[in-house]
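The following blocks contain the structures, represented as structure tokens.
Shared between the two complexes below is subunit A, which pairs with subunit B and subunit C, respectively.
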Partner chain A sequence: MSDKRIMNAPAIALDDFVEGVVDVYPAKAAKKRRKHIVVRDPAEKQRIEANERTIPGIISQRGCCYAGCKGVVIGPIGDMVHIVHGPVGCSYYSWLSRRNLFRPRADGQNYMQYCFTTDMEEKDIIFGGEKKLKAAIQEAYDIFKPKAISVLATCPVGLIGDDINSVSKEMSEKLGIQIIPFSCEGYKGVSQSAGHHIANNNLFKFVIGQDDIEQKEHTINILGEYNTGGDTWEIERVLNRCGINVLSVFTGDGSYSEMRQSHMADVNLLMCHRSVNYIADMMETKFGIPWIKVNFIGIKSMAKSLKKIARFYDDPKLTERVEKVIEEEVAKAEEGIARYIPRLKGKTVILFVGGSRAHHYQGLFRDLGMVPIVAGYEFAHRDDYEGREVLPDIKVIADNRNIEDLTVERDPERYNPRKDDETLKRLKEEEVIDTYHGMWEDMGRGTMAIDDVSHKELGMLIKKLKPDMVCSGIKDKYVIEKFGVPSKQLHNYDYSGPFAGFRGAVNFAKDLDMLIHNPVWKLTTPPWKKKPVLKADLTVST
Partner chain B sequence: MLSMTPKEITERKALRINPAKTCQPIGAMYAALGIHSCLPHSHGSQGCYAYHRSHLTRHFREPVMASTSSFTEGASVFGGAPNLRQALKNIFQIYDPDVVAVHTTCLSETIGDDLPSIIKKAKDDGIIPDGKWVIHTNTPSYVGSHVTGFSNMVRGIVDYFSQSMGETKDRINVIPGYVEPSDMREIKRMTEEMGVKSLVFPDTSDVLDTPQTAQYAMYPKGGVTIETLCSTGDSKATLALGPFASEQAAKAMETKCNVPFQVLDLPIGVSATDRFVQAIMDVTGKEVPESMEYERGRLMDIMTDMQHHLLNKEVAVFGDPDHLISLCEFLINMGMRPKYVITGTPGKRFDLRIKGILKDWAPNAIVKSDADIFYLHQLIKNDPVDLIIGNTYGKYVAHAEDIPIVRFGFPILDRVGHSYFPTVGYRGGMYLLTNIANTILERKDRDDPDEFFELIM
Partner chain C sequence: MAGTERHYVSTTNACKLCKPIGACLAFRGIEGAVPFLHGSQGCATYMRRYIISHFREPMDIASSALSEKHAVFGGGPNLKQGLKNVITKYGAGIIGIATTCLTETIGDDVPGIIREFCQEEKDLFSNDTGPLLVNASTPSYSGTHMEGFHEAVKAMVGQVATRNGAAEDVNLLPGFVSPADIRYLKEILEDFKVSGTVLPDISETLDGQALLDYEKIPSGGTPISGIKTMGSARATIEFGRTLMGEHTAGELLSTRHGVFLSQVGVPIGIRESDEFFSAMETISDKKIHQKHEQERGRLIDAYVDAHKYIFGKRAIVFGEEDLVVGLTSLLSEIGVIPVLCASGGKSGHFGECVKAVTKGITDAPIVRDGADFFDIASEAKSLKPDLLVGHSKGYSLSRKLNIPLIRVGFPIHDRIGAQRILHVGYRGAQSLLDRIVNAVIERKQDVSPVGYTYV
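For the complex of A and B:
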């Protein structure tokens, strides 16, 4: 790990800098924001405030509950019809705006390019929208004959009291297909995170464990992987080479039919801890499926994650195969990135993204010799920073109290422990399963974590720390670049990818090299403004 | 691609599929960005402003700044006034805009937050600093479309700012409609070229097409200043371009400040631009300079030069009403035949207006407001066209049916140029026509077998 941290930048006294950042706010807001900024000192037990209300008027990156439910988790399921119950906008903005690639399966069902909404009008708000919702479900059924339909609520639906649960139930009975309601009104919770939870709950209630199939050897689910730019497919390629079968993915390249069978897997691989950890926990309780926290971003992280999977299986043949794949793939990937390392080495990076990627990508940056100096999440909880050890200490804030925590019990027929108790205990102790230490473990002394970063803070960081690159999303991208600093979007990958897995690492290195060394950055100032003003007198002196 | 779409068209009363519109607040946000040093503010939950900022950013590839009242469940039950008050306090201290332009959302409209009284109370309580403005408009997302939202915010601008000092000045107001920064810039240039002093508002040029200088400014140089906006009440006339986006504000201006107005079509294409120029002449008594007649002549020249490639080409167009009205007329001017004309924005007068334009040259065209792209796709499946003109969402239909597409309107998320090169005015006509002609020729080159592949076209 490189040691070039902010601390070493001589001009920056970090604590003064942090105080300076929060000083721009009115006193009350400053006090709150201060708790969301931590200068890392691994020797101390540190705490960061997260999953708290964004203060009104502070421009942050966050979206809403609906965005977390439909946009993040439910939207990528490609073989279902997703009807958004509300005025047109919510459905419209989440239509193809995330790059969740999807390939139809043998049944040909593919609704990824479609946007379905009840397009509520004033009369629906006044007189109620249930009738329109019913009619919309009927019309969708008549036109498409889908296997299943989801109904997603937007803000006004909850306010006017449309009962999407009973409408869905009634129509489900009438049509003989599953219709799954998600009460993910935008005002719920404090960010997208509430929506993840609601999506998890209903996928668990309605979809998971519905279709028993024969259990195959070495079969896993991937949870919290959304197939941005084809990430899922690169991960699957490597797993398949190792002899590991992917049963279902939540929810990148996601298939409703496959998710119904997901309880037949040996183990869940958990990528995005924030958005799908609920399902991982619930599946473990109900079906006895443990989970392994993996990070498939970066060469070393990918290799480490594969080794963890091999340790879980503890099958010499599989282990041997995994080792061989790692050896070959790592060698190839390292060869692929070698030419870029001298060009990227030592470059500093700030990254603000999601609930996992700000952690996951740090490893990949280090593979490339780059130095993450500041990182933060948009909608994560404390455990995503500090590790699941802090879970018992986290109090549920008032804004999240109405997000249901499902009570889950063992399934009397389907519960089937994947290992004996002793082995499970050992695997847990060895931190192979059911463990996540959060972003902290990868952030060394003198780096900084900022939760729910604001536009103002981002600007100050760029001006003071002069990073070589900032990774964020579309709303920040052109702000960052107008500062003259290259920005790589880590939500949508700037329409590139895959970046996961071994091949992804090489793609990423290539993209960063292009971006940082693009000749255009040297041209932003016209030549006449760069040179000192020459005051030579052009008249002929006599 | 869109492989689930059946050819058979069935009537739908409740299900909207692949909309050709979006909701009001994004239009209000866009209009507010056309005021200098203005922070648009979304009075609703965070998702609204996040979506609107993201979408506008994708379209313009520029920073799009706005703030939100960040409603939670509590605010949704007890009302959003405390959130807005807190937001205003923070905004003025942290971001220091001259204007905060508040628009509502379906959430705050449904619970019935009363913005004028919240704003008044904030002013009385000293939350709004002296010399700063907080304006508002109501943009319930369940009425109309993004165009309605734009129209409402422009009306809000008039309601709050426009004043009449009683002395009519020798200048005109131009409300440019829901068009690109490039278009607003071009409209200003045209009036200047004619020697007319004009106040164009809103004006997003130099806000959403700012230069890359490696120096970020939260409030770029562009946008109409408060001073200018206040003085619009003394102009001798208002030209409102595009009835759907601009008429409302022009009417409000007349009522408030007694400034007469004319509603014109967006000056897209030769005839609509002629009417715009004529209106300026009529109102100001100015003559058209030779330079502008030359511009017009050059557009006419391309139209005649390329006619053999354009004549009788059948076109499907979709998008916003004001744009489509002028576009259809332009296509007819060139001997092309609009076959399907679809907007998502509701409004029967759209259907009537378009049918009037098409009656001689394309009397059998299917024209529909309050429709969607799914329906358009089904029409094309049943009877194809030579060309599609519409926003980026049309590319899926184009790809599925193997039909060339020209991107035009809002939003354009996958190409560059729209915010820099205008489609209004004679010059804009040249750009639009070049796009149309080259797209058709590109397609011909792609399709022609070797022996028909031609050097000169």
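For the complex of A and C:
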């Protein structure tokens, strides 16, 4: 069901523009690159290339496998000790830099402020780092007595042949706690996406389904929500008001203990499709838990997602409660954003972020009367753009071949279908469960999707399309602002938030107003100069 | 290890960054340069985001983006392809190539690959303005970001500097100081009427103007023409006490080209700044400009004014070794007792340098090299510090101990204006003094039950 408010893009000759964009590449690369750019025509079945290796020397915003595994999925789990096995940098760079908030549970365990590493030195590279890793695990255990430890490998580990699996197993037996190895060396795969997959696999193998508890009514897991700026807590607040209990979150405000119980939930709510869809699939196969694709960003999207959950439960009492909460919350949020709408209305936006946010935020912008004109992901796959219906057509490229796909079977004892076959079939047909149509469904004719945008392309887009704002991350924020265009970071929210849910929408509107209407944008040119202070282009184009 | 019960093998909350990030920072200070990391894509991305969060400026680092296949068969083809793209698509005047743990572990012969590349792609280098390719070996598992920084400066000097040029210049190798520091140092050179090559110069490249137009490669930076003639300069001034006696860029200019080398500590505080200004007087054969003498005079006056607020206060100082040595020198001059000097670095000279700057003025503080914040916090328990002086990573400790953190150095990502912090010279000492003293006064005022408005 597509959003009625989706506008077709303003009259921009995007087709010509696309040709211009690829002109900046070497001929061979340009041909390939062209396939990563699509001008939307919803009437057509369109294909976009994604999840391919970035061209060396072309600066993109992508990270590595380790970043996806440790930085994105594993790092936010706050009641585990995470030991990075490698030289010092990788642990340092992922030390609280994603602003995943964590609230310690009753056991008081909270390691969010810590950054543990084996800090490998030359002698470890030459003689092997296993001994050091063992010692580091022992030390972490002695000092903190954590209930579980993760071991995350960086580039040199695989190359020198350190066996983190056997070290983890040995130390796990010795210490009597779970020690989970993640072979997420940075060079694996083509982006952080490979790391998501590796993280998913091992959470599934080692954590999920380890602790059977009593199944409570209306209990869900949230997958792919990372509690940036407190997003998870706003979502939980609303769900709780509706009478829905959150059993565990993967992995924002994530608790290892709660994840072990996650197989007792009725249904999985899937936020970031890219980073956790593997777990959603595997849990469905093994335990019979279906998943609902939700989008908790934006007032209308949030309301729609809550309704979907109510439809899944099909419980009149719950439905009534959900409807009531929606009515109250929507009214309040709309009142909250009302004063900003006249100031934001009609402003155009370009979004380059993540594997889901470039999609999720489009609805929120429409709530505010703004117009998304270009969107792209950094590390998504085709299904995140085109929808899961293309999954059978996606070929595994050589770079990703070594990322294991787990073979999952029904759990002989704990497989428990949440609904009868007929209901499941109906829910699927009605697109309540197990369905995701990707970013496409939210992008009107003439808008543009660009996968893994480069600096060069970003610059051209800004010059040609003159957007009122660009949403991206810290790596291009200041590039964008040098052009005189306001930029909002949608990775770390410019240290603000929450932006999810009903209250988040109001926070977001306030932040955008502050950004776009900052008086400074009018002061950039001094009175004695109509032209900018310096306009020299130092580069020599060949 | 003095003071702690146990030395840990692992590192908890590191007080150092990895080697390649230092090289990228140094390369960013060269005009027309694009820093380039030979490794996996994530290195460039992580280091960019870190540098950007400190400077709040664009920071581009190109990458050879190696995959598993290249990790097995070698990264040469990717490196060549990446270099070609950076030359043709970004118009780089110079590419500073730094290696990473990945490419050092697999043993890629980067100088060899570059030689091959230049042979294969002769067209790209057909004229004199063709891009320069400079490479620094910066395995992340050996040394800290400071070793990487110095390695890149040495690579620039070793691979670019010649003896062709007028022998009037002075080379200034300031190490990793702030853009504001560099601007001030250049002003000092001007005031001594010497033309100087400051290498690297991040004063504009990492503290740029809002331009309404984005420069793919930011303007500013040490001109390549200046680096080319460094071998003919009349002298080199190199900052950093821990570098003395080491194989540095300054030493290379001296042994290879016979350039007189004057090594001084990073000029933080009066005594270290006096050393620097004296060296400038000697080299330029000119008297110090009255302006600086007046600044020194005002600084002395301020030291006197400040003493009652801070004399006898106890400070923990942490960060890069040479920065800590300079800060320790300043603190001891203003009557603060540096009780612990800590660094993640392990040059082997840290202890003796701290001793040298505190000698005769205060008791030698506990010195911890190769330290992390777990060590620093353990030591702090018994030291009863009144303040912390260092970068943002000390915030957790400052919060725990409920004492102020005076933010200096790198990284600073919980305050605005890191690029404008002045550390060096009389002016830097003045600014640091004011900040330190005011932080102490503010804390005193905050916890006072009376709430004095006159202190």
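Convention: the second predicted complex is superposed on the first by the 518 of 542 C-alpha atoms of A that agree within 3 Å, B and C clash if a C-alpha of one lies under 4 Å from a C-alpha of the other, contacts with A are read in each partner's own complex, and residues count from 1 in each chain.
Note that a residue touches a chain if its C-beta (ideal position, glycine included) is under 8 Å from a C-beta of that chain, and two chains touch if they have at least 3 such contacts.
Everything numeric in this text was worked out from a predicted model, so none of it was measured.
Trainee: Quick one: on subunit A, after the overlay, do subunit B and subunit C clash, or do they fit? Just give me the call.
Mentor: Aligned on subunit A, subunit B and subunit C clash with each other.
Trainee: Does subunit B (first) or subunit C (second) touch A:Gly354, or do both, or does neither?
Mentor: A:Gly354: touches no partner chain.
Trainee: Which partner chains sit in contact with A:Asn110 here, subunit B, subunit C, both or neither? Use first/second/both/neither.
Mentor: After superposing on A, A:Asn110 lies in contact with subunit B but is clear of subunit C.
Trainee: Taking the superposition as given, does A:Pro372 touch the first partner, subunit B, the second, subunit C, both, or neither?
Mentor: Neither partner.
Trainee: Can A:Pro76 be said to touch subunit B (first), subunit C (second), both, or neither?
Mentor: neither
Trainee: Which parts of subunit A are touched by subunit B and by subunit C alike?
Mentor: Common interface on subunit A, subunit B vs subunit C: 24-26, 53-67, 83, 86-95, 97, 113-122, 124-125, 132, 135-136, 139-140, 154-156, 158-160, 186-191, 398-399, 402, 455-456, 459, 473-475, 477-479, 481-484, 524-525.
Trainee: Inside the complex, what are the residues of subunit A that reach subunit B?
Mentor: Spelled out, the residues of subunit A in touch with subunit B are 24-26, 29, 53-67, 83, 86-95, 97, 104, 108-111, 113-122, 124-125, 132-136, 138-140, 142-144, 154-156, 158-160, 186-191, 398-399, 402, 455-456, 459, 473-475, 477-479, 481-484, 521, 524-525.
Trainee: Show which residues of subunit C lie in contact with subunit A when the two form their complex.
Mentor: For subunit C paired with subunit A, touching residues are 8-14, 16-21, 32, 36, 39-50, 52-53, 56-71, 78-79, 81-91, 100-102, 105-106, 129, 139-142, 144, 208-217, 219, 344, 396.
Trainee: If we count contacts the way the header does, which residues on subunit B are in touch with subunit A in the complex?
Mentor: 1-4, 6, 10, 12-19, 21-23, 25-26, 44-48, 50-55, 57-58, 61-76, 83-84, 86-91, 93-95, 105-107, 110-111, 140-143, 145, 210, 212-218, 344, 374, 393, 396
Trainee: Across the complex, what residues on subunit A touch subunit C?
Mentor: That would be residues 24-26, 53-67, 83, 86-95, 97, 113-122, 124-125, 132, 135-136, 139-140, 154-156, 158-160, 185-192, 398-399, 402, 455-456, 459, 462, 473-484, 524-525, 532-542 of subunit A.
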